[in-house]
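Notes to accompany the following structure.
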Amino acid sequence: MLLTNERNSMKTFENYESQVRSYSRSFPTVFKKAKGYKIWDTDGKEYIDFFAGAGALNYGHNNEKMKQKIIDYILEDGISHSLDMGTVVRGNFLKKFNEVILEPRGLDYKVMFPGPTGTNTVESALKIARKTTGRQNIISFTNAFHGMTLGSLSVTGNEALRRGAGVALNNTVSMPYDTFLDDNQSIRYLKRFLEDTGSGMDLPAAIILETVQGEGGINAASFEWLQEIEKLCRRYEMLLIIDDVQAGCGRTGTFFSFEPAGITPDIVCLSKSISGYGLPMALTLIKPEYDTWKPGEHNGTFRGNNLAIVAATEALSYWETKTFAESVQEKAQILKMRFEKIVEDYPELKADARGRGFMRGIACGEGKEQYASKICAKAFEKGLIVETSGPSDEVVKFLGSLTIDEEGLRKGLDILEEAIEEVVKQ
Amino acid sequence: MLLTNERNSMKTFENYESQVRSYSRSFPTVFKKAKGYKIWDTDGKEYIDFFAGAGALNYGHNNEKMKQKIIDYILEDGISHSLDMGTVVRGNFLKKFNEVILEPRGLDYKVMFPGPTGTNTVESALKIARKTTGRQNIISFTNAFHGMTLGSLSVTGNEALRRGAGVALNNTVSMPYDTFLDDNQSIRYLKRFLEDTGSGMDLPAAIILETVQGEGGINAASFEWLQEIEKLCRRYEMLLIIDDVQAGCGRTGTFFSFEPAGITPDIVCLSKSISGYGLPMALTLIKPEYDTWKPGEHNGTFRGNNLAIVAATEALSYWETKTFAESVQEKAQILKMRFEKIVEDYPELKADARGRGFMRGIACGEGKEQYASKICAKAFEKGLIVETSGPSDEVVKFLGSLTIDEEGLRKGLDILEEAIEEVVKQ
Amino acid sequence: MLLTNERNSMKTFENYESQVRSYSRSFPTVFKKAKGYKIWDTDGKEYIDFFAGAGALNYGHNNEKMKQKIIDYILEDGISHSLDMGTVVRGNFLKKFNEVILEPRGLDYKVMFPGPTGTNTVESALKIARKTTGRQNIISFTNAFHGMTLGSLSVTGNEALRRGAGVALNNTVSMPYDTFLDDNQSIRYLKRFLEDTGSGMDLPAAIILETVQGEGGINAASFEWLQEIEKLCRRYEMLLIIDDVQAGCGRTGTFFSFEPAGITPDIVCLSKSISGYGLPMALTLIKPEYDTWKPGEHNGTFRGNNLAIVAATEALSYWETKTFAESVQEKAQILKMRFEKIVEDYPELKADARGRGFMRGIACGEGKEQYASKICAKAFEKGLIVETSGPSDEVVKFLGSLTIDEEGLRKGLDILEEAIEEVVKQ
Amino acid sequence: MLLTNERNSMKTFENYESQVRSYSRSFPTVFKKAKGYKIWDTDGKEYIDFFAGAGALNYGHNNEKMKQKIIDYILEDGISHSLDMGTVVRGNFLKKFNEVILEPRGLDYKVMFPGPTGTNTVESALKIARKTTGRQNIISFTNAFHGMTLGSLSVTGNEALRRGAGVALNNTVSMPYDTFLDDNQSIRYLKRFLEDTGSGMDLPAAIILETVQGEGGINAASFEWLQEIEKLCRRYEMLLIIDDVQAGCGRTGTFFSFEPAGITPDIVCLSKSISGYGLPMALTLIKPEYDTWKPGEHNGTFRGNNLAIVAATEALSYWETKTFAESVQEKAQILKMRFEKIVEDYPELKADARGRGFMRGIACGEGKEQYASKICAKAFEKGLIVETSGPSDEVVKFLGSLTIDEEGLRKGLDILEEAIEEVVKQ
């Protein structure tokens, strides 16, 4: 009934929804159905999805295996909502997450359900760091994005979003991300501020970072930089918090984005694709020595979204062997080469191919920033969903599902290139 | 498979989950199935539920009508996750919410999807108030609970939770809630602080309040107090934010808790039972003149949890006629009388019956605070799930589902009284 | 030369000085000479001074004994400026202050030179309290005035002054001063906030207060209230800071204003009349157990204003016997009775006589606030310098020098009454 | 009497003064008398003074001309303390300051008396910048020193001093001073943070800086850097605040330290040597368009320290011709060459000669930091007063009076070199 008899025009959203709505402006249609890497609107128009719910749908839309588990669970009247009470589903997930993810990687973390969104896990991580160290300051990085609640916003770089707070955002300091300055100056700069006791930077409780900045413009940190950051954390007894909300859950080709850098964060933030089915869920992983919470000291109603956890448990199956990760890495290689070729073929863009794994972007150069928005708009017309990122929306960002097949990938990339060509020609 | 073959002992949670877990301590068993006002653990033990997922399950567990809609939607491969893109489901909800809830009540609000949890809607409300007025200060009240992220925590009263922040919580001032001082002194006090320009209280952007404080100990504000607060908001051009996350969605016997007080908030925060099926969802309702957001100025990945929205749309059907509200009010009367009788019958508790509608508590008097925890523990043994609230956990809190039948209600109350009797006798 | 050949008109100040200037607006003339309780302008007009440099000239203008000491010291090329180096003058003062002030009163304080102004001593006191307790919050009171630098301003009540900061003033909470609410409600209110762990008031490092609020409208706290405050400080391990900048140095009839209340503050702030000659100087008195400063942790260039210290040492002589204090108390009695009579005789003022010792005011009642400014302006015309205070400038404030003789006092009071009569008649 | 009959041992300070005392530890003797560049202790030992009251005695101790003016003024019973009332002395100063200092330099500033210390002028400057721009953030620099009250401390770099606050210091961001990074990277870095809207640095109200950092280690900014800073202020509509408290009043060879850089600050902070006689006084110079204060919006008891203003008026005479400035510049050249030679002659120090004008230092290199303290201690033994500065106290700092003659300068430098030689040899 919902899908067949009713038609919503964009008017509904214009009339009733707050001005804050954004994606219904970038993609001005009403969507109705989705499967894998495809999505359809009420006119039946099909789109290839290079957006994947802003990275929350790494396993594609309505993944069949998860779908079945969810339906079975609902039909059996399994607990849908449990806060952090003991449930069969939560127990199963905890065990499987340890077996499939943590143990094989030699990681020892306590698992916290901090509430079902990215900003919940980030806020909980900041609390732990400050409680544990007794320090108030947190280092975040230029063009970081960590969330919209006050604590997370205070470690987010974007000026327009920060202004939305209406209060001064404090107890944080923004340092240059690896790619913000040339020639490894970023790490040297941070070292200078830490080592000079007159630098005016109060000793921080933690450093929080994304190994690849998604909203900030698909900036990928080098492994050397990440290793240096880890060393500084050890030297100055700061906690290392990796916000793997967007770059984690396989997005860069390994479950955690930081694996190939050989670093071990003190706290890891996961959300977006952790449930796999696009259902709200988040985790905070905490080294046991920092798990000093008092019971209920951080809480929240929707910590126990069991439908999401059912899907999440199934999603872990992708990581039981290496096959899945390898397939992502292979497709990532195709993507990388195609993006590099596009950059070469369209010098008018003054572009730069960026990113790591299956998280990549084409950054249009100075004076060409507005190209990115035009390209995405044109691609949408042609049946491809892809969005921009970066401080000036100057980057065309690929976040397609990890399960996309090569055909879908190439088809989407062809549309993207057509869009680029048309925009450049205008 | 999930429900039949596997057994999780509490060990799983002790071993793998963070120390922050709390409800699995109060209710030390593993739950597997739920329906209406009943819930079962893996041993097959049945519990009557006077907790209702901390108020997120006003329509009972696994409500049949919603369940069917959700399953149909999943089977049709409806969009599960959409951020704030246009979807059929979001459009339908917006229209029905206007038709069934807002228009009949003469309310004109723009609807914002601020992210799927209570703290998301509160943080968005604080942002609007500060942006709109250009002021930074917010008035909240003693024993308020608004959430765990930094902005919401700064308007929350509980000392232990506030300390969890690890930073000073600022730009807020806590004023006495209606019930905090005797003889209407609370409102006089607030007036004095507002009218005296030397009071040291910077003129606030907004007043945020719960009409009945849930976590704070089931404190119900009088309608007169609420009306006085509204007047002060108008006089000093402060926005009035009603956090109806727990008291709204029918909990007090009307859809919004503030209806019988005859006030019109500038912003309303909804979450918990708005989806009805226990799925994460929240709304921020904003008077059009304050809907000054720039597109995307507040955002979040899980704003478009379409399964929750499907359930939420169905849940609105309960409000199409007056029947449902009236039935809640009738049962509330039974509850009220029973609680008052218990207070009378057990003078040893030095207790006080509190609350409004279907949100009530028995507050154990000074020196008897620990009775409340003992009563809840004893009730759990006997097959009743009920929790405490209040600054010293001194209140036994009833939050049973609104759909519970009289038999279930009486049965649960009988268990509760047995538990009280045993505790008092010890 | 300076005094005889040159004439400055008010034009000079209008042309060259910042708009922030204020007293040259209230008293629009150019002053040239002063002695005791008299002051003359360049036209030779004589004024009786009931203002005494805002309480910095308790021993009158250009006190003969101090004048001689200062001149001798300058002529001998004594060190004029020494920071906190050892100087003969600083050593002499420290010893005499202990002998004459601290020891006879059974007080044991370490003496800190925190910089030469009231706000320096207040800022140092707040630092000590926060360092010592590890807490950030400070309780101050409605209509408190503690200074204009950011820390002191954050414990000051006046809205217009607070706005001048241009940033949110945080880590403080304003509680009702004794006289702010009727019937001892102020202390009950504060107790409720301290005892209820859900009050939203973070446990404070200290309470800071003036025993008689000067700028806030000559509000005198009762001794009972002060004693209750001290008890709360002990119970909750908060430091008690008495800001005796205006009320101290004999203003209320004893050296410290808190003596008759029988309380012992942990920290005392002194400035204004501590030097006695109107020269910038301030002291912070610290109980030895809280003197946990590291060397130089608080510093400042003008901590060692030796001319001021020479005068301050001489000023202590007034306190070697009881004669001086008794004479102040006697004159205070005259002042009190006269103010009470005026209030009675001019019911049109709806006034209230307030204060303690030689720090008194006539507070014009509601709707009559502007009378106070008119009275002071009229008095100025008639040769009396007296200023207003209070949140609405509604109080005519007496701060005449402690050394004024009865004739001068009566003469000034007569002028004041004439001014009142004329204003009331208009 | 004061100087002849009494002897204070260091015991007095140890017994009665707070642990915060510092200079009486570095220079452990009791001083009694001073003249020009010489100072004597109670044992009659003579010291050459290369410290000059931390830069407050640019015209030497007890300058004869000022001394006479002060004594005359006191003898005539001139107003000693006036707040900001009109006085002959304040009027004279305002006119002469305009004639001698501002007009000849083409500067148009309104003069504010913000209270008598450096931190008062800095706090007032920050207020103006925030009020004027409506922004809260302030850029300060690494190793900056601006004062000890909360606002000034928040723009000060030193970690130990910042910790003294006991609260988080917020609404400020510390950027690298010119000399903090090599190769002009400091300015490039600041530009990057300003131009990238995702940098996480909220647009500041102002940049505050010292052209030569005194406490921070005698770091002299290049004129190019200062000019670039000014340009950035214009581009981003930030106010440029020059804190000339230590570097101003002739210290670098011109009245204002920024003159040779050709920049025009929006606000200038002056204190220390503005009175010339070591008496507490400060000024805030404000471009007329930013002089938007309401009357009394910033105030303070000791704004009108007329003895200081009498001396300050006389001090301006030094600037009526170019002779004085030229003599300082000549002596500065001698000092510069001698310091450079010392650095060359004692390679063991791994030292660096720094500074500008008559504000110079010898910075001992890495691993040799503790040499500086030893050198100063040794010099003190030998009759020279000189102190260290810098984040690790690694710099021997020269701040001798501008009026010192060549003989005194050379004699002091000889002692310093002897001390260095002995320390190096140990």
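Going in written order, the chains are labelled A, B, C and D, and every chain counts its residues from 1.
In this text, contacts are C-beta pairs under 8 Å (C-beta built on N, C-alpha and C of every residue); 3 or more make two chains touch, one makes a residue touch a chain.
What you see is a predicted model, and the numbers here were worked out from it, not measured in a lab.
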Required minimum of steps from chain B to chain D, each step between chains that touch: 1
Which of A-D and A-C has more C-beta pairs touching across its chains: A-D
Whole-Å separation of chain centres (CA-atom averages), chain C against chain D: 30
Distance between the centres, which are taken as Cα means, of chain D and chain A, whole angstrom: 50
Rounded Å distance between chain A and chain C, as computed from the means of their C-alpha atoms: 58
Multi-partner residues of chain B (at least 2 other chains): 136, 160, 167-168, 170-171
Chain-level touch network, classified as line, ring, star, complete or other: complete
Touching residues on chain D, where the partner in the complex is chain B: 167-168
Complex interface listing, chain D residues touching chain A: 136-137, 140-144, 155-160, 162-163, 168-174, 176, 180-181, 185, 189, 192-193, 196-203, 216-217, 390-392
Contact footprint of chain A on chain B as seen in their complex: 2-3, 6, 8, 10, 12-13, 15-25, 27-35, 39, 42, 53-57, 61-62, 67, 69-92, 94-95, 97-98, 110-113, 115-120, 123-124, 126-127, 129-131, 134, 136, 147-152, 154, 160-161, 164-168, 170-171, 205, 245, 271-272, 277-280, 284, 286, 291-302, 305, 307, 310
